[in-house]
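We just call them A, B, C and D in the order they show up, numbering each chain from 1.
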């Protein structure tokens, strides 16, 4: 396939800058427009000096006309903003990958409950293809509109889905704890995310109310064909990048370590970005598109402990988005990602 | 009560130094001997310069005769060492508080399974009083030998016990995730604990095999009078101090947020070192003897999420040990701890 | 002396909260009013949960009437705000300690050049006593208005002044590099101080333009009676608390290591908060009012390297302020500080 | 030029693993043997799980025969070990790049003074070409034996040399302060480098005695043709990677900001890995082979402040080593480094 021209909306945020890093080494991609809000009018290398000598490009205020000069548009904006841009882009026939949460759910009610705002493009809810390549590759290939998964859901779904689908674990009593680095909250001026508040501390947050809960629930239901009951508690950690997820799930009758191992092999042996290791660590996956997965059986409680680690900005955002783009545009799925 | 002379074995480790910090401001305590191994022969302020101008004392090699000149001996050694010292100290009538794990379990078999060594003072197993003041205060007061609780168990037992005892949660399906700072591993030369390996990463460790699992199980069983099934996964975090514990437990029939609140008040309202806050954070408790506890109900899954935060070196070690000493010696329980 | 009632303006900032921590354990102080701006109307323990169970007090909007009910007022506000409050407080006969920079310089011109604003209480410039107890104790004792030194100047002046005064170093060619933790910038919502921007990085800032340059210059000149030429470069580090200062100064003819040692002893041997150690480290002084000082001679270049470490919020702000209060009110100078 | 086979001695250390990362993406390099000591016999991806799915190679104990099957040998060992391997490798005609300090000095006396050991290959001292491409490119191209510069010297020499050579600064009174991340000390089990000791602290170390002092002195002398007097103070910071260097140097008569800018352009405008930015920050260069340089004039003191930032493992070690290899083997100098 010939080169594609891709544009980025939200190019100076953490996910946007990571997209830019990955796309700038993609051999089949030409970077089109870089849209930004607060930094519009500046050059990207002045706003993000790590691009000095690597990129020289202008950050522009968003315009649909300029965006539509590209073959594909990545939207890396805080949730609540993409829904104002996507309808026009789609109606003009552009391919869109939205890295935010506006199109990952399928109902306006659940969106409003968890995102605390009204959805302004309700007619498009449920139309985006969920961009989890390991479980939705065929649909992604033929899609023009992909909702890129959230960082927490990526780290939860990949270890959990094979075991649920193959009935090696029960669908109730599942407990998910996730630990996230600070960049997951985006580039922010919140005093709660200042170094002096975050360093040398840890806290849970949005217990029972995090917007990734319905996203996880929907994807578990759709990909495993079963209704699942779980608790999910996210925590904020003093690291920049990375998500670490620990899941405790009741083993189904007859489930063994060997069967779990076998199912993981069956589903993921040929996946380019899924690795297995007894105990994942964030440092092994940081700056990569890999998810590392480990598990162990706790015989005393009859449960399996699943562990996973990803880089929230790569496999949890920009890397997975490029993986989706590669599928949509017919490139090698791993291009620019290894 | 008149002054007591107390000695420390393992005075230059992290728990030992924290003990020294607390005891040096205790109005009714005279510090007797400070025993150390690798640092024996040096002065404490040369090994730990933060004591410059505050303390001037010699670190000596351990001798039972010297230890027995004191009214009370704190042992802050890596597990496996106290069992060689305790029999003689007790037989000479000394009061002992062991901050390590050698006397927290009640059977040689379970000790050997989890601590990977043979117990050399098997006849004393089960004789130590478990030093969790909020649940064992009367026994501690009359005890001469206290096994100070582990850091993880302290953070787990205090939120969990009231709800178990009052049957507000089920005794199976309990999932415990704990996050610990690095000082929990003691002063160590392990390359795995070097800054470059720990910073900007997270990992689970000893999944299903951590030596605090049988300690938690025993204490839950004894203080709540029920057999409990749980999974426990400890994680290593890039912070120096602190433990954060997140527990997901199935609500018993009829349990409500109000009842949980009421039970916590009933058990802890007059406790000097238990505080309630919707979402604990490590930074609020660091360098204090407090445990902060929060909870929330997850109606979708019918579970309660319990959160707790402590400083592993204070409430999880040296602070709780001094709290126990205060009880054993008839001092004000909070002396030197507020 | 009987108890004093002290009030704090800016009680919820980093310096204000540290003041509150120290003052709440001061036996001769009653805390009067706590003034805050954004947090006014809330209780201090709700804004700063580490005070839960320790303090229960209301944060109020500032009013001069309320402030004047106390014997002494600490002002812990960003620079530029104290100058609007101090004239009235002084005219009503209140003792004032200003922890900000508004009254540390003696001219409106230099203030405007470095602080980038016009001074609104120009007539008071030069009237405040510079609160560096080791060099200005007698004046502080009789003062009603103290300008508490900046954090960087404290770390620079204490090692440098004795050698300058005794002519053991030259007064030109002095190079000062300082490294500061993030809390030095105050509680802030600046994206530049977010964890993701600060962690795993270091930068110099305000090279040649930092507002502490004229403060250092003035104090060196006044206390050493000589005009001094120096460069000062501050750096931002990924730590919460602490300042580390490294000074390279040309040795005067005849200066030796022994003479330097002797001069330090002569000036500081009886100082309660100055310690000597070959190589200071921030971790030894954090949460204390100590300054640790070390030095070594570099024979090849004919220079002395001076090293110092302080906790910027204690000896560099709140601790030194209480030390000044103790002097002004006739208390033991170390009260609540050891 | 055809592919080259390169082997690594010390492949599992921090510099070795970084070399492996860079070389594994080099299109003209085939990785030959990976030699390790403690990890010999294991596979590299088991020792360093970040290579899972990327590399599959055995770590072997060193043997000269195996090493000599390659065209080039990188030695990434602690100083003191390369001198035992290099003589045989050179005598067998192998190209060698030593990343350690054994061959950066030109005299056995100065080596022994700073490295505290006797040099065992004294006849080779002074024969290695100093691998600073920006100043020694022609010699490196024709060399078979390169001493790769130290991390601190790289960060010091590149900003300082053009100004010295062009007489824009004086050659005495130069003050160099450097701040280093922990990985500069290599993979280590030292308790002093444990997370709990390093985090939230800073210290100077080896003041006046660091082994990079004579390396800096020699290179300044040889490349600028002038004898230089300076003080150098290294500091240990709580970051994993990165060096930040701040230099204060007296301006020569007639030196201006414009002249300094001009000289930097003259020397470095076409350099692929030297960038200019008013205030460098470590985060901009981490994981890259760039050095970022900034400067400002301090008119009050008549000095220039030079600032530089590098990644100690890339431009300060493995990246610069590959840059040297590219020159020696006739590849594009930037291959695998951008």
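The criterion applied here is as follows: contacts are C-beta pairs under 8 Å (C-beta built on N, C-alpha and C of every residue); 3 or more make two chains touch, one makes a residue touch a chain.
Here the structure is a predicted model, which means the values were calculated and not measured.
The chains touching subunit C as well as subunit D are A, B.
If you compare A-C with A-B, the chain pair joined by more contacting C-beta pairs is A-B.
When chain centres are defined as mean Cα coordinates, B lies farthest from subunit D. Averaged C-alpha coordinates put the centre of subunit A at 37 Å from the centre of subunit D. Our note on geometry: subunit A versus subunit C, Cα centroid distance of 46 Å, whole angstroms.
Rounded to whole angstrom units, the spacing between the C-alpha centres of subunit A and subunit B is 39. Those residues of subunit A in touch with two or more other chains are numbered 197, 199-200, 238-240, 281, 283. Those residues of subunit A whose C-beta lies close enough to touch subunit D in the complex are 49-50, 52-54, 199-200, 275, 277, 281, 283-285, 287-288, 290, 292, 338. Of all residues in subunit B, those touching subunit A in their complex are 172-173, 175, 177, 179, 197, 199-205, 207-208, 229-231, 233, 235, 237-242, 244, 246, 248, 250, 279-283, 286, 296-298, 300-303, 305, 307, 309. Considering their complex, residues 14, 181-183, 187-191, 193-200, 238-240 of subunit B touch subunit D.
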